[in-house]
Amino acid sequence: MRASVHRFTMRDPGDVSELAAAIHAGKVNPAHIVAVLGKTEGNGLVNDFTRGYLTQSLKLLLAEQLGSSMEAIGEKVIFVFSGGTEGVLTPHYVVFCVDPTPVASVNGGKKSLAVGTAFTPVLKPEDLGRMAHVNSIADAVRAAMAQARIADASDVHFVQVKGPCVTTERAAEARARGAQLITADPNKSMAYTRVAGAFGVAAALGELPPEKIREDAFFSRLDWFSERASVSSGVEVLVNEVMVLGNSAAWASDYVIAHRPMVDALDVNAIYTALGDLGISALGDNTAPALGRIACAMVKCEPDASGYVRGQRHTMWQDGDINAQRHIRGAVGGLVAGVIADTRIFVSGGAEHQGPPGGGMIALVAKAA
Amino acid sequence: MRASVHRFTMRDPGDVSELAAAIHAGKVNPAHIVAVLGKTEGNGLVNDFTRGYLTQSLKLLLAEQLGSSMEAIGEKVIFVFSGGTEGVLTPHYVVFCVDPTPVASVNGGKKSLAVGTAFTPVLKPEDLGRMAHVNSIADAVRAAMAQARIADASDVHFVQVKGPCVTTERAAEARARGAQLITADPNKSMAYTRVAGAFGVAAALGELPPEKIREDAFFSRLDWFSERASVSSGVEVLVNEVMVLGNSAAWASDYVIAHRPMVDALDVNAIYTALGDLGISALGDNTAPALGRIACAMVKCEPDASGYVRGQRHTMWQDGDINAQRHIRGAVGGLVAGVIADTRIFVSGGAEHQGPPGGGMIALVAKAA
Amino acid sequence: MRASVHRFTMRDPGDVSELAAAIHAGKVNPAHIVAVLGKTEGNGLVNDFTRGYLTQSLKLLLAEQLGSSMEAIGEKVIFVFSGGTEGVLTPHYVVFCVDPTPVASVNGGKKSLAVGTAFTPVLKPEDLGRMAHVNSIADAVRAAMAQARIADASDVHFVQVKGPCVTTERAAEARARGAQLITADPNKSMAYTRVAGAFGVAAALGELPPEKIREDAFFSRLDWFSERASVSSGVEVLVNEVMVLGNSAAWASDYVIAHRPMVDALDVNAIYTALGDLGISALGDNTAPALGRIACAMVKCEPDASGYVRGQRHTMWQDGDINAQRHIRGAVGGLVAGVIADTRIFVSGGAEHQGPPGGGMIALVAKAA
Amino acid sequence: MRASVHRFTMRDPGDVSELAAAIHAGKVNPAHIVAVLGKTEGNGLVNDFTRGYLTQSLKLLLAEQLGSSMEAIGEKVIFVFSGGTEGVLTPHYVVFCVDPTPVASVNGGKKSLAVGTAFTPVLKPEDLGRMAHVNSIADAVRAAMAQARIADASDVHFVQVKGPCVTTERAAEARARGAQLITADPNKSMAYTRVAGAFGVAAALGELPPEKIREDAFFSRLDWFSERASVSSGVEVLVNEVMVLGNSAAWASDYVIAHRPMVDALDVNAIYTALGDLGISALGDNTAPALGRIACAMVKCEPDASGYVRGQRHTMWQDGDINAQRHIRGAVGGLVAGVIADTRIFVSGGAEHQGPPGGGMIALVAKAA
């Protein structure tokens, strides 16, 4: 098997012409696409419809190319879009392909990029944000690891989860059945889903021992976290979708992946260390040619809940004009872009239990050296 | 003479308690204060009143401490505040003091921080943004250099200019006299003042040859610029106020200054080079103890007018929700803060002819090693 | 012929389920749809993609229902969406249908709602915002009037125009041919198209005499205007699309239309007068049952360029956080909604030469009494 | 006694020149000023510093005029500023004066504007938002009524309360003493103070029976409310400040006051009814000369928590770019301004238990007919 990574930019969230051209040119086989991860130029908040618009545009293109329905595309391909290209960030999407053709020699035992995806069953609204949710995601992560032929959890470097949340309709249906919801507020429900995803990933990867996987730690033990989980939530899905990225000797990909936790929004050290993991040396010099090997960058971050970064006050939580998540994405995006000399970075906020509190993580996919 | 630099933070733009405490503790002599430079937590745009609020609060404090009127303080001390603490930036202000007491030995010929200030006469509205304005600022820069006892322009590392702009009233008065204004639009007038300031500084420092100091280059030859000028404009002043920072053997300060132009918003190389100029080595490691020597950081930046950064599209100019200057301050602020591990940075936008187009500059004051 | 008006709301810009249900229930014949006018919950500015998302969603639905391509739908149906549901406004769209079946008795000579549409040929970029553009739109308005069987211009009460603007690509193509553009700035080009549309409508309807239809009046003689034109511009169209609404004895519709110019953002008198034109009496009482006859409300407005409304300063133009057009839509929308007790109002800004300066117009379609 | 009302506008929150001029001209006696109520052009949210800036500027002016300290002014005069001049609203402030000179004939028994103010003792942080807080405010309302010589609660038409909230420091102090806070979150604490104020006013005026004045109704029984309370909260005060406005035969003022609850954001009927109470007839005609009698307009409003207004969805709560309170102020401000033809309106959000849920109230002071 071979995994490949294709990065495209767009003029607007309805513009999928670069992918169309790559398919037309034979560079991307649409039947091989398993996931699309991207940043769109909305606000990244509840009323950001750029994610839905891009999803619809990609489904239209792929349905046409594959002669299937848009629904069928949605059941097969994972679409995860984070809104908000604050500061220097560039709207873009990364297409993950898996060519299932068996490969004779697989890099002589060398590990290369492995991709696995999985879907959980539909969860009942009353299970969202509870242990049932955590366990369901942990199972899906294990299934995706198996599909990716990764046996050792330390070979997993990035797990994207996209899960459902309560809506007014779903809450009403549950109440009619006499079921108890953890919350009926869609925004809080989204946060619960993110946290359930983080604990699910941590459980599956053994990042936290079983006794720490419990509901009373949600939102309180922020020092218990996964450093590979990146979780988002939205009304547009009913099941949890999981993509695992790692390195495996069973694959013959031209890419490898590495990751590092970021201790806070200023953790430039983590970025340089992750580059080092990939054999990329660019200390203080973003014109280093090796940076050209980077195929895809993913960052998780959040405004420090304490109101301080390295002992100094920040104003993100008090700003009534710009949402705190927009502030932090712009700042951390600016830092990572400066170090790697590329603005096409998937920077996502809402990092509860995903990396150290006030920090997050960085994962980088690069062409093999 | 000794120059000193004192950095304070505040809870809100009306909070000058840290300076009050420093005065009370004898750490700052209010009579020595020549300038205050700071970042306030407004939007940095026309309707940002945090600058005026902090100015009024500081004048109130100093008037009380020095037994003079608030007006007298305004005529003696330069107040330059840039609104907007996007991302991780911290509201703060830096007080520049000059102790005029003659010093016996002045560091054995070693150069140290020199500060000079100057004010131009009141300009007529019709002279704003024209060669008369440029020449007037160039004269003030030379006067401030003389006051700072800096003979060699290459010893100047940062020149802050704050100049007036046209207002509805001033425009009406000029028109009544039959005078021709370059623009009657206050926003455009502010841009013209910034450009006149940049050319004035470039002329005084010899950064541009005399034949390039001309009106038809304004806004068109963006490749002609000063790499030490930082210019702001506002309705609150009638004269141009100038502060020159450099190094001079005539001073016995505990501080030194360095600067570097930034070629674009991703120019991490420039930041590391400026640190190197000060003897601070922190390549890829922002926990390096030498970073603790930094006393004050000043950055000028702007969203690239081309709509692209390093070949990739940015969305700053098209965003109807967040002003482009807010975007760029957050991104470049995040980059600099990550490298120096400090969020107290004076990051200012509107960098026309102040550094390379799409870029800007960084200046750092540090305790002598 | 019969014209009908169908108003639908949506959960998000991708939700066209209410129209789908109406088609399914036989209430709307998709083959009769000639135009869709609506408000989407974006910011109404350059980076508002909710308009494109709704257009794509509606085209998908109609293509499916009519067994045609999405392109064919776009060539036949006019889609005009204004972003921004500030304040109490409700995201909604109004579907205009024309049933071409000849009707035996046409209301006994009574005039009822008439709808006509027309498209101009593709304009060259260098013609945008010039007399060629004005004339082309005037021709299209006359064609739409003829289609609507309206002979007397005083029977026309609302003309919606949607026209193209310059883009980077179109500007480059024009320059390569040596053509001169009136502007290469997309935002300014959009304003020129709005003005060309306003003068085109005014010319066709005789609202301005021929000698006042001239380029040097654009943006300067704001007292020369059409009081029925509502013009928008966008990169998504290449031709000008025109919809004329009026009353005609040749139609057997169940609806009638009226309009009034608004002299400023406070012109509550105009709203009550327009209601009176329709025989709706609701003076000071928005619980009046007759208000239930209103089928569709359209308002054009703009922030007064003087900075004052009825002698008092407004802050819309100085606000760096909220765009001036968002402010005015919220305020005028709140006023109209309060008077008619309905928040489903098409409120559009950018009203240069469309109604009195600082004001605009209101048009109301109502069920016949 | 005579109460008078003086309305001033300003260029920016630091501009108190109109009041200074009125004092200089002898139109306002600074010693008579008891309260200032105003709207400033900030965002009206946590990081709105325009309120503090205007307060400081007014205190500076009055301290200078009265030869007292700024602190003394703050202990004597009530300053209540609401940020946010969305839409057509005009930044302005209204100065309430009381001339204590005994008047021979007091309008022949006719009731006229009466003003009373009172301050509560300092509340302990643990008492905020509890019955102790409610009772303390009720006592102050009664004291202010007594000062205003209003015996019958039905003669009270507007009660402004400004109360303290928990801050990080105050919360820490309370915790150190082992005290239990109702909340340590400043934003929630502000909401609790508004609710305690509403119930305190309702108790003092008898708008709610004693058995309904209880903590478990806070935020839950939104149908229990005061229709005269307007409550704000902020970190800048330690005591609760109360101003009561009503009509009393003991006063010889040239003004009268009326109020009406508003059932929702579209309640134009309430506005016309309040005008009618003052003998102002302007049904559907805002050019009616009688509107010129209005001296001061105060409105309380809030975005309907249900997400619907008159059965139609609004988008205020989902908007990540513009805060819901800014939306509603712009819409309701636009409605009231259109009806009364004046944009100088004190429109304040956060109306929990202050008027019907989703609605609020309007109070108007007018020159006697």
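In order of appearance the chains are A, B, C and D, and numbering begins at 1 in each one.
In this text, contacts are C-beta pairs under 8 Å (C-beta built on N, C-alpha and C of every residue); 3 or more make two chains touch, one makes a residue touch a chain.
None of these values were measured; they are calculated from a predicted model.
> Please tell me whether A-B or A-D has the greater number of C-beta pairs in contact.
A-B
> By residue number, over half of the contact pairs should agree; on that basis which option among B-C, A-C or C-D is the same interface as B-D?
A-C
> Find the geometric centre of each of subunit A and subunit B from their Cα atoms only, then give the gap between the two centres in Å, rounded to an integer.
40
> How many angstrom lie between the CA centroids of subunit A and subunit D, rounded to a whole number?
Going by mean C-alpha positions, subunit A sits 48 Å from subunit D.
> Could you pull out the residues of subunit A that touch at least 2 other chains?
Subunit A, residues with two or more chain partners: 41, 43, 47, 315, 318-319, 321.
> Give every residue of subunit D touching subunit B within the complex, in rising order.
These residues of subunit D touch subunit B: 12-14, 41-42, 47, 49-50, 52-53, 56-57, 60, 321.
> Where on subunit B is subunit A touching in the complex?
9, 11, 41, 43, 85-92, 265-269, 272, 283-287, 309-310, 312-316, 318-319, 321-322, 326-328, 330-335, 337-339, 341-344
> Any idea which subunit C residues touch subunit B in the complex?
Result: residues 43-48, 315, 318-321, 323 of subunit C touch subunit B.
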